[in-house]
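Take a look at the structures below.
Common to both upcoming complexes is chain A, partnered first by chain B, then by chain C.
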Partner chain A sequence: MNYIEFTVFLLPEIVLLVTALAVIGIDCARRGKAATGAGGTLASASLCAAGILVAALIILIMPQEGRIAGGMLVLDPLTRLFKLVLLAMTLVAVLMLMETRPVRHVGENFAVMLFAAIGMMLVVGTEELLVLFIGLELTGISLYVLVGFARSDIRSAEAALKYFLFGSVSAAFLLFGLSLIYGFSGSTELGEIGVAMQAGGMEPLLAVGLVMTLVGFGFKVAAVPFHLWAPDVYQGAPAPAAALVASASKVAGFFILAKVLLLGFAGAEGGAAWGGFQPGWVPLIGVMAALSMVVGNLAALVQNRVRRLLAYSGIGHAGFMLIALMAATPAALASVLFYVVIYGLTTLGAFGVVTVVLRAREGDRLSDFAGMSRQAPLLSFSMLIFFVSLAGLPPLAGFFGKFYLFTSAMGAQAAPGGQPGMLWLVLLALVMSAISLYYYLLVLKQIFFVEAAEGTPVIRASKTGTWTCSILAAATIVLGCYPGILLGPIRLAVGAAF
Partner chain B sequence: MIEWTFISAFAGAAVLLLLPPHRKMLARIVALAAACIGFGIALAAFFLFERGAGAEPFQFVVERDWIPALGIGFHLAADGISLVLLLLTGVIAITGVLFSWNIEKSPKQFFALFLIIIGGAYGVFVSFDLFLFLVFYEIVILPKYLLIAGWGSTNREYGAMKLTLYSILGSALVLAAAMAAYVVAGLGSFNLFELAGVAYAPAFQAWAFPMMFLGFAVLAGIWPFHTWAPTGHVAAPTAASMLLAGVVMKLGAYGALRVAMPFFPEGLEQWRIPFAVLAAIGILYGALAALAQRDLKFVIGYSSISHMGFVLLGLLTLNTLGIGGAVLQMFSHGIIAALLFAVVGRMVYDRTHTRELADLGKLRLSRALPFAAVTFTVASAASMGLPGFSGFIAELTILLGAWDSIPLLLLLVGPGVIITVAFTLKALQASFFGDNTDSPGTVPALPPISAPERVGAIVLMAIALAVGLHPTPLLDLILGSFDSALMSSLLK
Partner chain C sequence: MTVAFYITAAIALLTTMRVVTHTNAVHALLYFVISLLSVALMFYLIGAPFVAALEVIIYAGAIMVLFLFVIMMLNVGEEHARQERDWLSRRFWAGPGVLCAALLAITAWVIIETAHPSVGHEVVGARDVGASLFGPYLIAVQLAALLLLGGLVGASHLRRHDRRTPLRTDGGKGGES
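Right after this comes the complex of A and B.
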């Protein structure tokens, strides 16, 4: 191991770090002048965008593949693909940040966003518990700051505090669980932990470690019963921060959860087939999945604010993804990864539209969306695409995503007699998914069929906002018609990694 | 070539969405052109289809890879059953556009959504890959909602949402059973023929069949899950009612015939009688409910439940007569229901703004709108199964099939047939001929029936009459497709 090698492996992250520091530097230099001006926003955003593009380019052309320092840093097609996905999502969040009202010290806001991106990239690119934890903490702390950035808004402060308290407690759980697992296996590397688990049986302390780890991850992906922070954070945070929490952070969370479960906890699966329960992590995830689907989708039905609605629907979607993780096979992993990317893209887009509405109407109640189709047709059409994809109707990406996800889950644990053992969960998921169409339609009804009341401000989208949302919507349609574009690379990469 | 049916419809929708909003007449013409192209292709396929001994049961085959990782192919084909339903879809597409010619509120969006449903229906009828089938099957759900919620009348948001939720919950059942079948078969392929050839374990079929069949049957309006249909049909704008009753309900019946029944023959055997009883109850219940309605559109909505009960009953007889009659009934009811909804929704309601039988009776409609009165009389005669119209042949064959197969059920169906005559005559009399005095009272001045309406009504009446007088071409086509492996396994 030498430092040159380290530097090369971390080059994209280093580029982001340098960019972030430069953004802060520029912000400081301008502080004497009007630091809030639109010029500052534009300069910071362009610099961030450039940094992200350079980092992405480096990932694309970087020839190195391999692992150094016992899996501390891993570069394979899968991690590269997901680093690219995370960068793309951060880029959209950066563009959204341009759309919000300028706050003081806007440069810091951009810089912290890049810090979060670095954290998520570290999380994705490791197979070792210590780096994993550091990455998660870097992401977490950056996100706490981002959520609380609208300092004059009491809701933002409340959200940040809630997020921080929940987050730090869950981090403690995670750390405790990981230390128990280290104590059991004598290694911090996922592969070796997996070998040790397959060799040893399910000991009580190991079980405690497994549960604690899952609690920690349950918070990260907002699965019931560790979801309580999500609605308040989505609601209170500035929209770009909430978008990042809902999309990129969820992608990273699911990615590493899948890796820990499949690599590290191999051999401790247990069983959750109907009538075939066996202790292990699969039944635990099963309970979390069922609760998340039911609570998330039912609670979303009664929400009057679109960001809360997106939060609860996100909890429901986390449940959908968890059921495919239970299959614990590389094929099922590919379906989870495909779905989480699609989910991230559509949620980002939906938050993009919400950002525009928030700016124009200063609220995100359902009635604040009334009459939008007349005022911003392209944006309204994009919202239709995002929501219909989230509800899982063809020909949008969400349909294939759900179909693949549920088919993988269905194929998981065969019950006695050759029956598909997870039918009960898949059926629950399908019914919940059908119910979800109801609340998505409630929002769309406001957008398309309800006239705006007299005197409501007109929704005017900037070019950047319209273009960003339209491109995301187009991607949702294209990936729905030709899922192979994304599925091919994911399956190849998963095949190479497992 | 068969793929151009739905490609033309979707392309038409795309063109419409790109038109400038004020070009309303251009939007109508584009919609009509797209509908005509689709119908033209269906008609060409009807004539080019090779018949007789030695001809392939499935023709116009298209096979391309789509998502090879999961064994999903772009696999299209058509047999006689598909062709009959393609023709029906084409006819409804054209007449639906004609009867919506007067739409002034955003016609381009209206016709675009209309064409997406048409395209989805074409796609369902020619897909022989299970995933592709489900894609088309679910594509129609959202446009249905938007059409009703955006352009509907009475209680439209309630009707639209109810219909949408029933549709998607029905497809949730279908999806669950389809995924399970794919996984249990273990072929790694969604090809319909391959999946239908798998011998699934009886214990699996025992729950997979009812799950899938019920999912499809909800869309076909099976009692007691039919309640979405009357409210939805009443709330919908005329073209959407025509499409819902004419084509979309058939998607459910077609799915049951094409997927659920061939996949799970043993489950079918086990569940045949219970579902047939539900179908027969639907026939009787739909007729009784129609008799009790005061709103003319509700009468037709409930009569659709009754007529679709015949389709489901015919399918479950599992003999040539019953299934053949069921497919013919799909075609026949599609035409007749569309005609009835067109008269009530477009010719009458758009002019009088009421559908209450009591109010219509005072309007002397037979004098104010003689053309509408003639059309409705013809449509009623066809609907109650008068000899000479398509409904007579179709329902008679189904009854003969049922007599061979489940004769006891005719105790339920028989009264249903009689009540159908009763409610049809009652509605006809009350709405158009309510004022039977010869007193020279004032006849309300209503806008005359326009040319597109006349053309549409004449086309539909001509088809109902032509098929009734000479059903052989369609029946031969339907019966000819019973030799394929997919169908012959069904027949007992």
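Right after this comes the complex of A and C.
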């Protein structure tokens, strides 16, 4: 390994880093003229957007593929695709940040957002535990700061503190678990760990390490019982930060969870077929999936605030994705990755709409959405698309996402009698999916059928906001009509990687 | 060797317990320093003198002294100690305590159960550590620097005193910032 190779492999991340430093530089240079916040915001946002686009372009045209330093950096079609997805989501978050009310030191806000993006890209592009942990920590620290960025807002501070405490304890669990796994396998590379696991079988020490590792990842993807931070963070954080936590961070979390489970813990699957439980990670994930679906969807029913509702529905969606992860086949992995991208895009869009409503009406209660269809028809239509897709109705992308998730789960883990072993989980998922339709419709009812009360401020969307949400909604429709556009490359890339 | 290891381990456990349970922040930190020193000794005993030295110099030396200064500057007084004592009531620590005890029991059982060959007593010196940091782990070291930079930017924002409220450029209308 030499520095040139190293630099080439990390070029997109380096571009983002340089952009982040330049944004901070601009912020410092403008300190004297800080009174006019809007100009600084625009400059920082466009610089960020340019940096993200350049990084994406580099990923697109860069021919390098392979792995260096024992899997510390991995570039293959799959990691490239997901780095692009993460960059796109960060770009939307940057645009959302530009839309919110200017605060002091906005440059730092953009810079920390880019740091989070770098962290997530590192997480996606590695198959080695050390770099994985560093990437997760970089993401985590950046997101804690982003969540607590609105310093004059007590809710933001509360959310940041909760996120930080949960995050640091779960990171400690993760590190403890990873060190036990290292002790067991003698390697920090996922592939070699998988080989050691297949050879060594399920030892008690390994079981403890496995459980601890799953605690850490359970926090990252907000699966029950490690979900307690999610509602407060979604609600308290500034909307762009919450959107980043809900979309990109979840994509990276699921990506690396899937990679660790399928590559590193291969051979320690066990079984979760009804009546045929065997020790391994599959039953653990099964319990988390079932709890997440039930708790997330039922708790979302009684929420009065849309951001909390999105948080609980996100927990439910994590449950759906964990089911397919249990199938532990490349086809199931492709369906999980497809779903998480769709989920990220729709949630991002929903948060974009919520941002606009928050700005106009200073709240996100269900009643604050009343009469929105008259005042911002395009945004309301986008919200309709996002929520119907999240609920999983055809012909939108969410339907096909769920369809592939459930079919791949049905095909796996055959029970002794030849029936699909995970039928119980899939049935539970179908019931919960039907329940979720109810609370999504509650919000849509407010938007389309309830008149705004006298004197409520009019929702006026800016051009950028409307365009961003409309593009995301269009993407949801297009991916629903032609899921192959995204699923095809994901399947090819997964096929190449596994 | 073995006796020395168990003695230092016992000291590390005791002092770490006191770090958590002590209500006076400065005293807790001093216990923490002792805990770190005993951990350093444990590292030395299992053949990692360089890590032991790092533990003393960086953790017990630099970071803890920094902590002490910060706590002294924050002027943590008697009322904070009282607040800490209130937080140490049984209903707060009973639940987590039971869970942690269960985890500890399982881990201990597992370690006793596992057939482990004796730990090698190969001494890993500064040269070996340096060679691996600049060899196979070069990327991890560079990325750790990036992590520190990210933490630095975040911390520099969080420590800042905002004397004025956030800017309002949208006609004084409130909202989320």
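To be clear about the criterion, the second predicted complex is superposed on the first by the 496 of 498 C-alpha atoms of A that agree within 3 Å, B and C clash if a C-alpha of one lies under 4 Å from a C-alpha of the other, contacts with A are read in each partner's own complex, and residues count from 1 in each chain.
To be clear about the criterion, contacts are C-beta pairs under 8 Å (C-beta built on N, C-alpha and C of every residue); 3 or more make two chains touch, one makes a residue touch a chain.
Not measured: the values here are computed from a predicted model.
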item	value
Touching partner for A:Trp467 - first (chain B), second (chain C), both, neither	neither
Which of chain B and chain C A:Phe277 touches, first, second, both or neither	neither
Partner with the higher number of touched chain A residues, chain C or chain B	C
Contacts of A:Leu358 with chain B and chain C, given as first, second, both or neither	second
First, second, both or neither for A:Leu430, with chain B first and chain C second	first
Residues of chain A at both interfaces, chain B in one complex, chain C in the other	none
Residue ranges of chain A touching chain B (in the complex, touch as defined)	388, 393-395, 399-400, 403-404, 406-407, 410-411, 417-420, 423, 426-427, 430-431, 433-435, 437-438, 441, 445, 448-449, 483-484, 487-488, 491
Touch list for chain B against partner chain A, complex	66-70, 131, 134-136, 138-139, 141-142, 145-146, 149-150, 157, 161, 164-165, 168-169, 171-173, 175-176, 179-180, 182-184, 201, 203-204
Parts of chain C lying in touch with chain A, wherever the complex brings them together	106-107, 109-111, 113-114, 136-140, 142-144, 146-147, 149-151, 153-154, 156-158, 160, 162, 164-170, 173-177
Chain C-facing residues of chain A, complex	1, 6, 17, 20, 24, 35-38, 68-70, 72-73, 100-105, 108, 111-112, 115, 118-119, 122, 130-131, 134-135, 137-138, 141-142, 144-145, 148-153, 203-205, 207-208, 238-239, 355, 358-360, 362, 457
